[in-house]
Amino acid sequence: MHTLIVIDQPPYGSWGGRESLDMAFSLAAFDQPVSLLFIDAGVLWLKQGQEPDGIYQKSVERNLAAASIFGVEALLAEATACHRFGLTDNNLINGVTRIENTGTTLQQYQHVVFSG
Amino acid sequence: MHTLHIVSKPPGNTRFRECLGMMGEQDALLLTGNAVTALADSTITLPAMVYALQEDVRARAIDPRQDISGQVTFDDMVSLTIRAQRVISW
Amino acid sequence: MPADIHTFTLVITGAPYSSQAPETALGFARAVLRAGHTIDRVFLYGEGVHLASSLASPPSDETNWTRAWGDFLQEHSVPAVACIASALRRGLVNESEQKRYQLPASNLAAPFEIAGLGEWVESTIKSSVQSSRVIYFHGGA
Amino acid sequence: MHTLIVIDQPPYGSWGGRESLDMAFSLAAFDQPVSLLFIDAGVLWLKQGQEPDGIYQKSVERNLAAASIFGVEALLAEATACHRFGLTDNNLINGVTRIENTGTTLQQYQHVVFSG
Amino acid sequence: MHTLHIVSKPPGNTRFRECLGMMGEQDALLLTGNAVTALADSTITLPAMVYALQEDVRARAIDPRQDISGQVTFDDMVSLTIRAQRVISW
Amino acid sequence: MPADIHTFTLVITGAPYSSQAPETALGFARAVLRAGHTIDRVFLYGEGVHLASSLASPPSDETNWTRAWGDFLQEHSVPAVACIASALRRGLVNESEQKRYQLPASNLAAPFEIAGLGEWVESTIKSSVQSSRVIYFHGGA
């Protein structure tokens, strides 16, 4: 059973996104198929060049770039949200698949989860 | 500047929209935390006087729009709160 | 006090590890003192009371915001108060509340104290003077 | 100096509105002028007939109906939000003043506060 | 019913709008907590199959729309989660 | 087990006194057992861990959700687990974490326990069976 974990908030302002990643990495650690879907302002997690040292947080960019190594099957991003926030091939981290119809994507997973 | 409006919530939050809807013409907007993502959001029309906390902008790799008043440090933020006749945090 | 020295009260309503409010407020507080102004009080309200928990133990590579704020407050002798009603509901108590409610422990970190909304009202009254400001730091969700 | 406390969330789902009322009643207890402004879904605090026993909470309707006795100067409600949520003279609690332009109202108070 | 979507956030929250935008035609919506205020919100178009937790509706004195599927108890909610092929909480 | 008996895992991510999540989840949990189904586990995640605080002391005319949940869990022998990573960040610790991190107190209410996300993964794996469900109760802000 494939789990889809959805992130819809920007990075760093709250801990929900980090706790979503923890869920994804835990499933992957137990060899359970899991993918991440970024929608709305959540797509900003996928932008290159994040430098959160100044707000005393760790960058999540490296974790996400290493997601496939950890066993996360796919990083999916809502195409319209990417367009809205100026995310293009040039500034998205590697390994992101943009999807046009999130509703259709959602239908494909038995287990769809928000962290909070 | 009459009122300094400080917003910390992202542009999709109702609070952000309420703030934009109630700002006066002499007012300035200061974006902190997740609110700085409004600078990258092509669906949001920001008022003339907009500031954003530099460290929050850098954290999220936001490319600031050319037309905004600029990124500010915490030192600038203190000055803004003193220059303003009143401060509202949203 | 010269006319250009201002007095600030900071009200924090967002919790650490759920919001950036304690971080933004601390950056602001440092800049207030750097500019020669004063902070008469930090007031924790709502979710913000969690900042005063002595039991928060984030991973070693994350900032401990209770400690960072505690160090700042002690170094600069700034009083910080958690609202008693917000604190009791959310399980944040000092020794005297522990006794009063017969609780198994207390978890208020020094130098934070617990007090009523009267402290906030006092700051609000003071802020009617032009050289005084109450600034709120809310969560970002 | 008159304080305006603003409530923009529906009742009972979170504690922010209650903590706003606590702030208003505290100011009033110290004889400080204070009014409450309800905007957006926050106007639902002002509806008659709330029965939160089933969700194990206390009704706030009585507190609000007694606000003027406690010294709160005015209960203001955004007229467009009232219209949106079907609030009329027949189902609003007593003592509510509907205002057309919240921006203008906001300009009139030196101290404007959200509880969180 | 294919999927049961449980929403607890008010209709102005982005999560509520995301849910409405991604629901399938065979899906049902269950409103709990502050989400029941959507029943009173004239700006919201709800899908055909909508349920709302009765105690949350009563708490907020919401007059249910005539056209919705109805108020449910917690017992009904349990049945709905079993009848659904999957459940998503927003 | 007859085919019409279902097993539920409940995940609570909203805190009491900030959200209705613990209340909605408890109403649901009672209805699950009333209908003859079983609850294999309650999992607290994110803000939800605050439900397990032994120090929450709401006013006497408000429900104590920690106690209401604790009574339910004990009466029906349902295990409840707070995620350790969420709990440590937010100042929710048992005696063994208190020792490990040399903290001044512990504040985990019985019968709640602290464990890793593995417990949630286990419930997720089980839910691939048609007669099993994981239901999430989020905050309402």
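Each chain gets a letter, A, B, C, D, E and F, in the order it is written, and its residues are counted from 1.
Heads up, the rule we're going with is that a residue touches a chain if its C-beta (ideal position, glycine included) is under 8 Å from a C-beta of that chain, and two chains touch if they have at least 3 such contacts.
Given the structure is predicted, the values throughout are model-derived calculations rather than measurements.
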{"item": "Co-neighbours of chain B and chain A - touch as defined", "value": "C, E"}
{"item": "Chain pair bearing the highest count of C-beta contacts", "value": "C-F"}
{"item": "Intercentroid distance (Cα basis), chain D paired with chain B, Å", "value": "27"}
{"item": "Chain centre separation in whole Å, for chain E relative to chain B (CA means)", "value": "34"}
{"item": "Shared-contact residues (touching 2 or more other chains) in chain A", "value": "9, 12-16, 40-41, 55, 57, 110-111, 114"}
{"item": "Sites on chain B at which at least two other chains make contact", "value": "8-10, 12-14, 33-34, 55-56, 89-90"}
{"item": "Residues of chain F touching at least two other chains", "value": "14, 17-20, 46-47, 62, 85, 89, 136, 138-141"}
{"item": "Category of the chain touch graph - line, ring, star, complete, other", "value": "other"}
{"item": "Each pair of chains that touches, named by its two labels", "value": "A-B, A-C, A-E, A-F, B-C, B-D, B-E, C-D, C-F, D-E, D-F, E-F"}
{"item": "Touching residues (chain side chain F, partner chain C) in the complex", "value": "15-18, 46-47, 50, 53-59, 62, 66, 85, 88-93, 97-98, 101, 103-107, 141"}
{"item": "Touching residues (chain side chain B, partner chain C) in the complex", "value": "6, 8-10, 13, 32-35, 53, 55-56, 73-75, 77-79, 81-82, 87, 89-90"}
{"item": "Touching residues (chain side chain A, partner chain B) in the complex", "value": "9-14, 40-41, 44, 47-52, 54-55, 57, 83-86, 91"}
{"item": "Chain B residues within the chain A interface of the complex", "value": "8-12, 33-34, 37, 40-43, 54-56, 58-61, 63"}
{"item": "Parts of chain B lying in touch with chain D, wherever the complex brings them together", "value": "14-15, 18, 21-24, 86, 88-90"}
